[in-house]
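Following this line, the structures themselves.
Each of the next two complexes has chain A plus one other chain: chain B in the first, chain C in the second.
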Partner chain A sequence: MRSRDTRTAYLLLAPSLFGVAAFLVLPILVVMWMALQRWDLIGPRTFVGLDNVVAVAQDGRFARSLLVTAVFVAIVIPAQTVLGLVAALLLNRGLRGSAVFRVVYVLPWICAPLVLGVVWRWILAPTDGALNALLGRRIEWLADPALALPSVAAVTVWTQVGYVALFFVAGLRAIPSTVLEAALLDGAGAWQTFRLVTLPLLRPTLFFVLVTGVISSFQVFDSVYALTPNGGPQGVTDVVAGRIYYEAFESRAVGQAAVMAVVLFVLLAAITLAQQRWFARRTTYDLST
Partner chain B sequence: MRLRRLAAAAVALLALAACSPAGPDDAPVADGVTTVSFRLWDQQVAAAYEKSFAEFSRQNPDVRVHLNVVPWADYFTGLTLDVSSGTADDVYWLNALYFGALADSGKLVDVGRELAADAAGWVPAAVEQYSRGGTLWGVPALTDGRIVVFYNRAMVEAAGVDPANLTWHPTDPAADTFLPAVRRLTRDAGGRSADQPGFDPGSVTQYGFNAARDLQGIYYNFVGSNGGRFQAPDDTFAFTDPRSQQAFSYLVDLINVHHVAPSAADTNDNPDFSRDQFLHGKMALFQSGTYNLKNIDDGATFEWGIAPLPAGPAGRVSVVNSVIAAGNADSPRHEAVLRVLRWLGSEQGASFVGAEGAALPAVSAAQKAYFDFWSGRGVDTRYFGADGGTATIPAPSGPKFGPGSTAFEPILNEVFAGRTPVAEGLRAAQETGNAALR
Partner chain C sequence: MTTPSRLRGAVSTGATYLLLVVGALLTLAPFLLSLLTAVKTPGQFAAQPVLAPPAPPTVANFAELFGERYDFVPPIVVTAQVVAVILIGQLLFSVFAAYAFARLRFPGRDALFWLYLATLMVPQAVTIIPLYSVFADLGLRNTFWALVLPQLFGSPYAIFLLREYFRTIPGDLLDAAKLDGAGTLRTLRHVVVPISRPILATLAIITVVTHWNSFLWPLVITTGRQWQVLTVATVSLQSQFNGNWTIVMAATTVAILPLLVLFLLFQRHVIRSITITGFH
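Then we have the complex of A and B:
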């Protein structure tokens, strides 16, 4: 009877298991296998052991791209989280037109990042760009090594703020009004209520927003590629996903690109685990009391 | 209910089919007719090919050609992946960056052997460019002819410049008429030219010339006309050749010292910037090739003309770049593929491309149609051809030229932006490019 139940359970799980195996486990194994091959996409593959790992370790461009990505994440995540929270607080006040603004905020997020990248490239163009025309002076937003990464990060933040705000709005609405009323009765001001009541109760949302935000920022590619192809001036926007793309499809060094992809995967897994542990100790999902 | 489910399943299947990449076996098939798929990147030429292949199918009722136009930006990434997965088209266009690796891997039909009798009718520079290992790896489809200088007639007349007789020299100012000319042709918002006191390089409204990191249109020709080298005979890069270095320095100075060309911030990542400036009447001299002739003819609202390249110490020297139609060696339709390739290499097959001025065919006998078309429109095309007095150098080559150029281009971007000194940048570009060849 019990084994029959087990069989039924596996049968019911089979479609999901197939999806996980075919679209998650198998690609990961293939990438790991590719990391041990030398292949230019055209000729035959050759097993080269750890040669690709050594080559990537000695390639200063990959180390630089990791650093560039870390700086990018360090700019984007705090900015989009704070701005998203501020937008959510404003939207949650139920002011007139909030519903319209909710839609407007989310529009950039639902657009294709590559298209947004092309549009922003026109806006930020040094000679004929809309922003410089507005400012009345020439600024090389995407060609100046000091400005390129902040500019690209700003476009990404602009794209993501609405998405982040949407989750914070949902989180704010899940906080029982009785808790907020209790804080009010205890004499807490608006700032104290926000800092000591609202923010701690938003931690599950914050956890989700930070984990997904960090992962997507580490994997950013299309908008950066559209804004600053070839890694930008002096390679200052050469993010990891872009480096993997150039290595695989421009340099046709698929094995080395696979090694980079594995490194990125391990790095993201470690960061996500660290975030999960940090939040697990500080988060409550029980809002009933 | 059952009908609704069936309809839903059919819609899902159709959606899946729409998402699948097109391959040669997806080409439409009719009874007794073999369909050959042909991938290319140019919409204008594709329109001419439609007419050409209609005639081909009239003469060969058992073969039909299905054109698959893929935008340039995605062309080679997609093609490489499709070749590796065995889903590439039966015939596809190739340029010099990619043919070597495909030829060396045995992915291309040996045209030199299969169509040996036809090769005499093809442009020799194109045959030379795509010959490797003693044989030819495709039918020359298009050739860019010589690079020329398109000029805005009103601007050159106002500045008293004769664009047909300009010479440049990297070290002897007395032998350099080009720099003074482009300085006269460059103007700021106050109407001052770049050779006048008080000229403001921060408010240029009219550029003299389109110096930029443009291999085919600009720097390869300056290197050649200074007697420099771009590659050694073994395909390694030779940017540090003293004459090559002089040519690069001259171009970089045009941008960053003399301010007669757009900033590299505008042109490094936007290859069409200069063409657009020319078309908007904001540039006097625009050096480019036949690939921009139709764009200029369609887009220019002012009187324009064509002059030869400025002559360097080694004379007027232009790269001649061509495109081949290569046969997929893994195609199961080998015999039909050969018939299509033979048609493309014939005078009749190639004449359709030239007849509407879409591009210059690389079949010698078919070029007359192209020149006749443009003559009919009052355009003097003699400088594109051999009669214009411009010598030629072969286009860059090698099985790993693509990865090599990907590696060195970001470094050249810095050189043209003026952030990296020319000698230092060229040395780094050469080392990085050569490392990518290994």
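Then we have the complex of A and C:
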């Protein structure tokens, strides 16, 4: 019986095991191997040892892309979290039509970030774009080195606020109304109740939103590619995923791109583990007892 | 209720609605503005203020988009085919794997499940280069298979979700099927799948949305028009005809519309699914 189960199980697992091994595990090993080679996408590969690592370390653009990405994450995460929480509080007041607003807010999130990037590229266009027409001014949203990264970050926030809000709505619903009523009976004002009761109880949701948000914004590519191709003015929007792409498929320095990919992998794994640790250490409030 | 507190209630309700409406306008404006531009003639767009209403609205841009010059039909067909094949593969193989993890005992189960979960951490920007290299070596660049193969065999994410669901199926039900002489495949088809319809519908929607919107992999693994998907076609149209915003906005409208319709039809399902799954 047991051995029949085993055979059945492995037969059922075979396709997905192949998929996981071939397209998720093997690539990690291959990319490490590629980091030690020189390749231009077409010709033969030559083993060059750590030459690529040295080249990437000496080329300031990779370090810059890490910094750009960090700034991008530092703008997007607080903005989308605060706005998402505000939207959730508004949606959670139980007013008529809340469901309709909720649907509207999620719309951008369903669409391809690439396509929304193209739409916003027109909206932010200097002479014939919608935003400047509305403002009656001529602002170079995407070409001015000081404005390009905040503009790209703003578009990302616009895309994700509704999605973040959904999680907060779910989190708010999980808070028993008795807890809030007790706070009010104790004479707490609305702000006090929010700060001392609601917010601590939302901590698990907050962590989930922050963790997934940081990990996904760290890999941003599509919308940045559509809004500001080739790293934007003076490379101010050259995010890591974009740098890897341009290095491999435009400059054809595949080995160096592989080095960057390995660094990104290690970095994201470290971030994920650190966040998990932190998350595990924090106590969450158990209301079931 | 005293009058001042009732007044305060009314004011706060009014303020809430005001903020909700402002949020909705900010969310919808880009969609409406791009549609506004998509139904203008290039001449009107160039001659009149950007925000002027289309007079009269025209479908000329859409006709042109599907005409010989831009030829936007093939990318839609390719995208639909890719999504359909991936959808079938992912649902089928994810159900297989999830059932094994949830319902069968076998050596190595926990280690394998841990491995599947760990792969959720692998970023796409990391796998794109080695996958390109492998597909190039196999001579599969710029083929239909290159677009679907990496996604065809189930996703660890879907397997994780389905496993959670399958664990809740009462054991008696599965035992009864076994007693009736049903093999594993028949049990899956006649017991497990019918019970799991809600989660399967959710996964189907997630899969369609994710792969309809997919961009980076198709961008690197295909060249030219033959296997160009909708996202790649849209951005290449934009860079090729930069400034011809009427035709570009017609293209973005076409690229977005199918998913918007799908979303509005199944919005309850999608919204619930996002919060239970936190999919990405």
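Here is the rule we use: the second predicted complex is superposed on the first by the 264 of 289 C-alpha atoms of A that agree within 3 Å, B and C clash if a C-alpha of one lies under 4 Å from a C-alpha of the other, contacts with A are read in each partner's own complex, and residues count from 1 in each chain.
Criterion: a contact is a pair of C-beta atoms (placed from the backbone, for glycine too) under 8 Å apart; a residue touches a chain by one contact, two chains touch by 3 or more.
Note that the structure is a prediction, hence the values are computed from the model and not measured.
In the superposed model, A:Leu196 lies in contact with neither chain B nor chain C. In the superposed model, A:Leu135 lies in contact with neither chain B nor chain C.
Once the two complexes are overlaid on the shared chain, A:Ala74 sits clear of chain B and of chain C alike. With both structures placed on the common chain, the touch criterion links A:Phe249 to chain B and to chain C.
In the superposition on chain A, A:Leu41 makes contact with both chain B and chain C.
Looking at the shared chain after the overlay, A:Ala57 reaches neither chain B nor chain C.
Considering which of chain B and chain C touches more of chain A, the answer is C.
Applying the stated contact rule after C-alpha superposition, one finds that A:Pro229 touches each of chain B and chain C. In the superposition on chain A, A:Ile110 makes contact with chain C only, not with chain B.
When the two complexes are overlaid on their common chain A, residue A:Trp122 makes contact with chain C while staying clear of chain B. Touched by chain B in one complex and by chain C in the other are residues 41, 125, 229, 249 of chain A.
Residue ranges on chain A touching chain C, taken from their complex, read 2, 5-6, 8-10, 12-13, 15-20, 22-28, 30-31, 34, 39, 41, 86-87, 90-91, 93, 95, 97-98, 101-108, 110-123, 125, 128-130, 133-134, 158, 162-163, 166-167, 169-170, 208, 212, 216, 218-219, 221-222, 225-226, 229, 240-241, 244-245, 248-249, 254, 257-258, 261-262, 264-265, 268-269, 272. Listing the residues of chain A that touch chain B in their complex gives 40-43, 125-127, 138, 140, 142-145, 228-231, 233-235, 246, 249-253. Note for the complex: chain B touches chain A at residues 77, 80-81, 83-84, 101-102, 104-105, 107, 202, 262-266, 268-270, 273, 400, 402-403, 406-407, 409-410, 413-414, 417, 419, 436. Remark: chain C residues 13, 16-17, 19-20, 23-24, 26-28, 30-31, 33-34, 37, 45-46, 49-51, 92-94, 96-97, 99-101, 104-107, 109, 112, 115-116, 119, 121-134, 136, 149-154, 156, 159, 184, 209, 212-213, 215-216, 220, 230-231, 234-235, 238-239, 243, 245, 248-249, 251-252, 255-256, 259-260, 263-264, 267, 270-271, 274-275, 278, 280 touch chain A in the complex.
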